[in-house]
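The following block contains the structure, expressed as structure tokens.
Labels A, B and C are assigned to the chains in the order they are written; within every chain, residues are numbered from 1.
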Amino acid sequence: MEARTLPQAAAPRTWRPPRLIESGWTRWAVAVGVLAYLALALGSIEVNWTRVVEGVARAGRLFAGFLTPDFTSRWGDIQAGMIESLTMTVTSTVAGIALSVPVALGAARNIAPLWLYAVCRAIIALARSFQEVIIAIFFVAMFGFGPLAGFLTLSLSTIGFLAKLLADDIEEIDPVQVEAVRATGAGFWQVIEYAVSSQVMPRLIGLSMYRVDINFRESAVVGIVGAGGIGATLNTALDRYEFDSAAAILLLIIAIVMLCEYASSFIRKWTQ
Amino acid sequence: MPVVTSPAGQPIHWRLQTRSQQLAAWLGWLALVALTVFCWRVMTAGTIWAFVEDAPRQAADIFGRMLPPRWSYADRLWLPLWDTINIATLGTALAIVLGTPLAFLAARNTTPSTLLVRPIALLIIVSSRSINSLIWGLLLVAVLGPGVLAGIVAIALRSIGFIGKLLYEAIEEIDETQVEAIRATGAGPAQVMAYGMVPQLLPAFGTICVFRWDINIRESTVLGLVGAGGLGLALEASLNVLAWPQVTVILLMILATVLISEWVTARVRRAII
Amino acid sequence: MLRIEALAKRYKTGDAALRGVSFSVDSGEIIGLIGPSGAGKSTLIRCVNRLVEPTSGKIQLGDLELTTLGKAALRRARRRIGMIFQEYALVERLTVMENVLSGRLGYTGFWASYFRRFSKADVARAFAVLDRVGLLDQIDKRADALSGGQRQRVGIARALVQEPELLLVDEPTASLDPKTSRQVMRLITELCAERRLAAIVNIHDVALAQMFLPRIVGLRAGEIVYDGPASGLTPEVLTLIYGEEDWSKSSALAGDDADDAAAGDHVLIDRDLSAAVR
């Protein structure tokens, strides 16, 4: 017993700390690569320093605008923009959820046949591949300026977001529960209702609430390309360097997003 | 009481919900439908339906003009593409540097003060998250002037909130007993963090950063629309002169970039987990 | 060497977890702390190294009064107290060696520990304890790749590498099977004997406590209701600690897993104790 507690001379007892990348060569290559990239990337930024110096004063004014936001002088525009943004958020979220549930069911390999799976996954991939603003540009070109184009944009991206996460979720449900319900002789829709929906419902509610939040934030952006909403008002305010009005709009956006988050945490607690 | 009993106390019927619960659920649904219809009416009040009816023809027209793509234009897109990737990567890097300490200040179990520091950190996080990259872009172009720098800062300012929020949630979920065990050895506060917390957080941290980088690649492709550099600038220029065949090339290039970034992200995530 | 006097702990919620607990432990002495869930066992041992701040009372380790120490002094005092945890509390994503070396953090500067540059002597200590607990061949494995018994041995090694004077052991066998539980308890008692360590072992398994621990302290609702030899745990005493129950069955249960061949002599003791309980 005593001998075992003493360090043995025979066995070399050295310890090397574990490393993230075991091979020395790769480690050096990665480090050199990262440094080279940083040097090239930072070197390729063209900075107009006189403009930046001017910018410091503007940043000061913008910051001052946040402390003394001006809600009144552009209130008409702000109100109209906010109403467009909010209505767009509500309608597109509802439409998006309503459409993404069937798409999600179709895109779950464990309940849909292969052809339907392929079609639905293609829809999802299409809806996710482009940034909302690019989609908005096309909808504006097709449907004209205004919140309808924004509504379509947000509905489409809601499908891309919600249907994908929901489909992945459905694919991960506990198959034993599905088998158990199927074993009772339940039909397809009964299986969906009893075995699938009960497992994914809490997540669907959570994701939907989160999507309300995202859609509102996006609705503030699509206005920049003419698809309605508060973004257009903000764009105008910034073009005219009216930082106090812009600050008022930004504060409103932040307040509404905070409200959304509060409401969603409340609803999630309530539905559980 | 979901179980309906006979006067003798025998259960005779079972329902999931009581009548008042059912009523409340129906009223909830009714209110949601009414709200949606109302919003739809308000939203479409100014819509010119003639344009909407015309949409299929417009769509056909646009897609007709987009084809065939003007492939030669691709040669002039390599520099904007490089800028786009830099905006996303450097912006994410800057956000990681700023967002990580912020997350530790915001997490309930690591914040130095729950009364003062934590609310401020949370306010910074929610402000950063509420404002989209493109709007940050608008602001920064107004402040710094157009260019890649505005794009990088815009991406960073938006990502700070994202990284901060997800990371502070991860910090609040760590296993406290592992931290306690390190504290019990007599380790100092920095050591407790490095040994008890960081190893637990690394996988989440890596996933969050790569995830945000992937999102930022998408976002940086359009930042140019507001003047913040990258492929979006070329898109804006082509749209302004209605050069649809060039737009096709730009969109294909964006698509390829996004697909590659998604592939990289998936690879890195698998390596981390 | 450890003296606890009138120790009390009241949580912010108003629950009094400990109400005036006093006892002392000599060096080389190992005591079992038993009692129902919520009796304050965990709180008591966490008060000793002040992972939980006691409300009032005194704790003396040698000549050192622990309850009034400032931050730096407390860290120095914690180096002298090893702790073994219920669910092992290893840092799951670090290797076995890193986990064991984390026992030397109190003696290592931050940057040295950050870059895993522990002193040669510390690494040699870690090898020695890993050899003693029989894990020399596992040093580069990640902690989450080990079995429960192996993890608890890493936990023991981490406490030992501190070269402590006192071991605080919190439910060491709670998540282990009966055989591994006995092996772990035997290892702990042997190590305490070899190194003349004082130890306080929280344990909920009365049979296991009687088997390995000569002195038992019984805690009920934050107060000591029994302090004496393990053989004194009569049904009346157990009723005092845990409340009304048919205690004659528990000894039969303890005899059940006597199939552990290596534990021959301990099983004998176990039988004797069972007889005593009857």
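Some observations on this one:
The rule is short, and it goes like this: a residue touches a chain if its C-beta (ideal position, glycine included) is under 8 Å from a C-beta of that chain, and two chains touch if they have at least 3 such contacts.
A quick note: this is a predicted structure, and the numbers were derived from the prediction, not measured.
A complete topology is adopted by the chain contact network, contact being made between every pair of chains. Most remote from chain A, judged by the distance between CA-atom centroids, is C. Averaged C-alpha coordinates give centres for chain A and chain C that are 48 Å from one another. Centre-to-centre spacing of chain A and chain B amounts to 3 Å, using the average Cα coordinate of each chain. Within chain C, contacts with two or more other chains are made by residues 98. Listed in rising order, the residues of chain C touching chain A in the complex are 95, 97-98, 115-116, 123-124, 126-128, 131-132, 139-140, 194.
Taken in their complex, chain B has these residues touching chain C: 175, 177-178, 180-188, 190-191, 194-196, 199-200, 202-203.
Across the complex, chain C is touched by residues 1, 4-8, 13-15, 17-18 of chain A. Against chain B, in their complex, chain C makes its touches with residues 49, 51, 75-79, 81-83, 85-87, 89-94, 98, 102-106, 108, 110, 113-114, 155, 158, 162, 168.
Chain B contributes residues 32, 35-36, 39-40, 42-44, 46-48, 51-52, 55, 58-59, 62, 82-83, 86, 89-90, 126-127, 129-132, 134-135, 138-139, 142-145, 147-149, 152, 218-219, 221-222, 225-226, 235, 239, 251, 254-255, 258-259 to its touches with chain A in the complex.
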